């Protein structure tokens, strides 16, 4: 465990010692909440054969899109690639192996690991195509599919604000998968715009308590706001 | 479903039509977060053979302690009765049937119902006394016990602050089981000290979104602060 | 003249009543946003983690942390809340959303819906569609009556992989409003100026039509 | 003169190092609170939903919404957070608590712990003890070496229903500090003035004692 007083570090120290073949969770739903600065550092540090877990594949040329295009990703566990045609092409050509889960089940599989369970029972998707390969059991008169927990070696998350101990606050729809992933990996690296002195974050507004966080890295807005697909309704 | 614009009501309307034999979740860990005003109304309205789900039994003479002493409770699903000797006596004499769960598993069983799962897999308590009667399965090399979801007809929760739509904010250690129970019953009744106009609660600080809440009742501090066991360390 | 999409959306807006929580699927349903009256107590849910979103108004600065599930900049209205993906789908799986509007590749008279995958052609993933379709209290399909080649999308039986089975309550196209019933699709309303025979020809499903009770839209 | 409890607590405080997250069980361990230096970066977890609690200071008004798991009024220190019961036990089950101190009815040389039930006499429920005992990274038992009748609480094998098996790392009593090892309980330190034979007589377990390395406390 990282000690409370030793969590703040720079990008290089935070991202050191990630292995080839590591399983890495990445927060974000589209651009909001995507830890772009941590992903750029991961790209620069060169690991191969990564398994990534992210709701989506960002867009071509940003976020995990860059890692996929650089041939660094072996497998992607995700919910939807709709905004990234290059990721869909990489899937169709067999360059990356893609596993799809319904979005809410993906969220719960991650949370399940985060709270120390082995899995959960769901009735979502029974007798549809996504049910293939799932174990089913009968319990109290119903049929339930078992969804195993999904854990990772490393989680990369983005928070609006943090303190030195690693307490995190997310903002608006940049929350999404971040609080769940922040619990579900052995090592959790958080990027944030602002690192406060402990005691400065209102205690009722902290979303992720510091117990789960390994490293906190301050990033500027410029290095972490990417995304071209945004538009009005 | 209760419509967004029809949730605020008085105690009598909120607590109407609860049946004999109903299963009722009650928030609170000790006194903080216990919906004392709703419990007093439940006592006054006379239902019998209730099944209560609460972390503890409050203390003698307050909260669900009153309901147990009045002979209104058939069964209690709980984690610990340490602060209530009359509840322990009622259990030992067979007046009430008590089911104990480890505290964190009780919380997760409730949440499980709240998020629409059938149960979860845990390694807590395997081969201890509490494992009796649980189903176990093997998954990915490990042995896991199945804990079924625990739902209720009604949940009674306490929030510090609400708005007219039923968005809830809890305070300090009065949170405890309340956010979990607020998701896990068919009908969820929230008492609160203050009911705001929608838009007045900061959106990043709402703990329970209004979608889960059936009724919101304003109560004063006097009717909802009970408990004699409090002391300094 | 009113376009097909406008006809669908105008009619769909009448499905929403004061006090409801509503989810709008990606594509055509998202545009329903602009057809809901501002003064209604209605909260629109977007599964990426917001309840109570509204379109950004002209001149309102975009907030890069505030998008809907389709990636569009949104704003929030009074009574809104934001939350993580687990909470967002808890609302869905617990049927705390009153009505969801979704598009369709195919929809059939048993209420089966296919809107996520065309094997070999289109498979970007399931997203949140499966949980929405299976669990939201009421699912209304908004889609064109026929595909771009003129083939019926309203079928006796879906051929594509299903999003969820027996999940659709009502179908609104530019030609008709149809309810799923055990006996077939009950036509509730037909578009102004469209004949019954033309509707039957455009449809590949059992249509139950009682002309004496038929509405127009 | 130092009381038995003071001796245990003074020694136990040395188990906590700067930067750790600590849980204190109900009873004697809770009093360890007063033995931790104020200037350490240490957050005390209480399973009812707070990380970073501290004793209320003299003159500080009690906050009726701020208690620990034993029902005592507490306050919070800089860096604290509050959360619901699910989050609180997630930290526990995921071993994000570095060390927990718990009382014992019985503890044995295999590291088994019994502290929640005496059949027929005491069964108020398991509370959070089982998850803490099974999952916290390091479990230190703080208890009197013998019960009020003088019977050993440190045993070859627990007789009471277990809280968790093979969970204890270290036992601190007023008589000794003992580590659980595969070969038996390794005595690390003995109380000032206590003879080895007296310790063996008060104990019903295999004690491994290397007098050349033995500390005093």
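For clarity, chains are labelled A, B, C and D in written order, and residue numbers in each chain start from 1.
Assume a contact is a pair of C-beta atoms (placed from the backbone, for glycine too) under 8 Å apart; a residue touches a chain by one contact, two chains touch by 3 or more.
For clarity, every value in this text was computed on a predicted model and none was experimentally measured.
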item: Partner chains that subunit B and subunit D have in common; value: A
item: Chain whose mean Cα position lies farthest from subunit C; value: D
item: Comparison of B-C and A-C (more C-beta pairs in contact); value: A-C
item: Whole-Å separation of chain centres (CA-atom averages), subunit C against subunit D; value: 57
item: Distance between chain centroids, defined by C-alpha means - subunit A, subunit C (Å); value: 30
item: Subunit A-subunit B separation of Cα centroids, rounded to whole Å; value: 32
item: Inter-chain centre distance, subunit B versus subunit C - centres from mean C-alpha coordinates, in Å; value: 36
item: Overlap residues in subunit A, where contacts from two or more other chains coincide; value: 108, 115-117, 123, 170-172, 203-204
item: Where subunit C touches two or more other chains at once, by residue number; value: 82-83, 86, 89-90, 93, 135
item: All pairs of touching chains, each written as two labels joined by a dash; value: A-B, A-C, A-D, B-C, B-D
item: Touching residues on subunit B, where the partner in the complex is subunit A; value: 108, 112, 115-123, 135, 137, 139-140, 142, 144, 146, 148-149, 169-172, 203-205
item: Complex contacts: residues of subunit C adjacent to subunit A; value: 26, 30-31, 33-34, 46-50, 55-56, 62-69, 71-74, 82-86, 88-90, 92-93, 117, 123-131, 134-135, 161-165
item: Residue ranges of subunit A in contact with subunit C within the complex; value: 29-33, 55-56, 78-83, 88, 98, 100-108, 111, 123-125, 127-130, 160, 170-180, 207, 225, 227, 229-233
item: Partner subunit D, residues of subunit A touching it in the complex; value: 1, 3-6, 114-117, 163-165, 167, 183, 197-199, 201, 203-204, 206, 209-212
item: Subunit A-facing residues of subunit D, complex; value: 18-21, 41-43, 45, 51-52, 76-83, 86-87, 89-91, 93-94, 96-98, 135, 137
